[in-house]
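Report on one structure; see the data block that follows.
Letters A, B and C mark the chains as written, and numbering starts fresh at 1 in each.
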Amino acid sequence: MSDAAVDCAGVWKFYGDYPALRDISFEVRPGACLALIGRNGAGKTTLLRILAGFSKPGKGQAHIFGQEPRNAEARRRIGFIGHGIAVYDELSAIENLRLFAKLYRLPNAESAAREWLERTGLDRVRDGLVREFSRGMRQRLAVARAFLHGPSVLLLDEPFTALDDRAVAVLQTVLRDALAAGRTVIMSTHQLREALELATHVALINRGRIAFHGERTDEMLSAPGWIYARYGES
Amino acid sequence: MRQKVIVVMLALVAILLARNLYTISMLPDEMRQGQIFRIIYFHVPAAAAAMTGSAVALVASVLFLVTKKFQYDALAVAVTEVGLAFLAVNLVTGSIWAHVIWGVWWAWDPRLTSALICWILYAGYMILRQALEEPTQRATFAAVYSIFAFTDVPIVYFSIRWWRTIHPQPVFFSKEGAFPPDWSRALAVNMVAMFLLYAVLTMIRLRQEQTQREIDYLRRTVHAI
Amino acid sequence: MRFLSQVMVITAKDLRAEMRTKEAINASFAFALVILLILSFAFDPTEETTREISGGLLWIVFTFAGTLVLNRSFARELPNDCLDALIAAPVPGAALFLGKALANFVLILAVEFVALPVFGIFYNVRWTRQFWPLMLVLVLGTWGLTSIGTIFSALTVNIRLREVMLPLLVYPVMIPMLLGAMRLSALLVAGQPITGDDTVWFKLLFGFDIIYTALSLVLMETVLLG
């Protein structure tokens, strides 16, 4: 348990009366890539937000490298992409990255910012204001922001949704590099194909419970809907 | 068991108040103010109880933030709501007194003005609670606001006092001449009665909060099946 | 001094973003002028008695116009879910509070420095006679407004009717500070120095600022995690 990158033990989450998550327990080892799949409203976003430290479970505990997600040390090791891109429209691409590089106290904020602008193909528009960016460009900047500080654990909430081709390619490259470097990824998704290509493990959430958790097999790759048919709601 | 305690306390309050009303009505009229002076027996205890209540609310709020136990949030709400009612009694009795004695409904007396501001502060607490739906967020934010509000109470009191020394106005209930002993005793008895009433109302409101939480819990359990 | 440098990063970010759009500050300037105008109709500026109290009226303008800036303070973090990114970063809540409060302070002070000359013109008052003491009152009073307004902006950011809730919660808490600031401003604008009993108001303003800044620094983290 203590050498898992991410672990959950008996996590429940209530919104008013409704249990959004019920008795979630699982472990993700370092270097794994977990694809979290499930219908809308199943609880994927809720779980990711608890792992990222935005909210606390009603019951049970979640840990990142054995620590509470809110600890300063854990925060430094987590990279999060949610539904919003979490960059400022009124600032330029490089201003945004510089800001986050400084907040994460990176030793060389400027070069880290520039490096990630290059890796996401945005260095030609580095001085452009984000509000003028296309959707795909905004998503690529969100990727740059999340990976900028070299996090060991990446929590991505539907990162492939509505990306253009270029953005998809960038994200896949960045994720492959991260996994090759031993980082851990948990990614919720509807886009089964792109996610399953990268995934080492798959978990299916169904109405707040984990209905399936195991290694990703070739069977899943060739017929992605198979998991839903076998373990999900009909 | 709790039910019996509440009933017993209510009965005690009723007896004390009834007896005191009789005693108060038997007292001779105050020299300058006449009948209306008797209002002090309710006006002052109401304020004293409300201020004690606000101190309890502060402690409950801090305890909630530290322990995250919802019983402290329930206590904070109950005590503040009852305190609002008691402060209202204080304000209304003060206003009536002012109208009878000075012919004005509001005379900017330092203590009454401070009480009015405290009332507004705690009304703000209730409005904030109403605007927040998620229970944990509601309890947390209300507790933070409660700490700010309570810190303000002494500052408000002193600042209004200083403000009024610039434009001195007649002060209510100036203590020229000591109270005769039987008057003090009547006031003390009413103090006890009002504090008891405050405690009883708080307990009733607390019971209501706890019942609501039980209902919420049962609903959650049913949904989970 | 890592804490201070993180504070400065946040202050710079807020100010830079505001200067790009100028939404809050333009609205605030305009609002201040409108209120000054309306107050001129309510209290005849040509009368001697009005000139004597006019310093107090200034704080009505500052408080209302300031609320527009304060509302924006956390509201600007809502689009794109930027608040998530700020909370996720390893920045202490206290640094986030101080960074935003300083940015708000600068913006509100800017509005006040524009409003003052306009006020002087409308009311035909030479407010520069006690310039430095008046500046001190402005700084102390504005910091009181800013510190409470910033943390309450975080409290109300997700509530419906946020624009109404924020002033509703902030103004009552600020009453003692307003009393002091209005009293001191009324005297200073009329050219009179602060003597004797009135010096107590300066102590009130200092104490108020220190207490509420300390409270906000301590409680900000709690509010952010809500």
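By definition in this document, a contact is a pair of C-beta atoms (placed from the backbone, for glycine too) under 8 Å apart; a residue touches a chain by one contact, two chains touch by 3 or more.
Predicted model, so just to flag it, every value in this text is computed and none were measured.
Trainee: Out of curiosity, which chains are bumping into both chain B and chain C?
Mentor: Per touch definition, common to chain B and chain C: A.
Trainee: Of the pairs A-B and A-C, which shows more C-beta pairs in contact?
Mentor: Higher contact count goes to A-C.
Trainee: By C-alpha centroids, what is the most central chain here?
Mentor: Taking the mean of C-alpha atoms per chain, the most central one is C.
Trainee: Starting from the mean Cα coordinates of chain B and chain C, work out the distance between those two points in Å.
Mentor: Each chain's C-alpha centroid was found; their separation is 32 Å.
Trainee: Could you please state the distance in Å, as a whole number, between where the Cα atoms of chain A are centred and where those of chain B are centred?
Mentor: Taking the mean C-alpha position of each chain, the two centres sit 51 Å apart.
Trainee: When the centre of a chain is set as the mean of its C-alpha atoms, what distance in Å lies between chain A and chain C?
Mentor: Each chain's C-alpha centroid was found; their separation is 39 Å.
Trainee: Two-or-more-chain contact residues of chain C, please, as numbers and ranges.
Mentor: 225 - these are the residues of chain C that touch more than one other chain.
Trainee: Within their complex, state which residues of chain C touch chain A.
Mentor: Listed in rising order, the residues of chain C that touch chain A are 2, 5-6, 9-10, 13, 16-17, 20-21, 79-82, 84-91, 225.
Trainee: Would you pull the chain C residues touching chain B in the complex into a rising list?
Mentor: These residues of chain C touch chain B: 148, 151-152, 155-156, 159-161, 165, 168-169, 172-173, 175-176, 179-180, 183, 197, 200-201, 204, 207-208, 211-212, 215, 219, 222-223, 225-226.
Trainee: Tell me, which parts of chain A touch chain B in their complex?
Mentor: 14-19, 22
Trainee: Write out the stretch or stretches of chain B touching chain A in their complex.
Mentor: So the residues of chain B touching chain A come out as 133-135, 216, 219-220, 223-224.
Trainee: In the complex, go through chain A and note every residue touching chain C.
Mentor: 52-54, 56, 70, 72, 75-76, 78, 80, 82-91, 95, 99-100, 102-105, 129, 145
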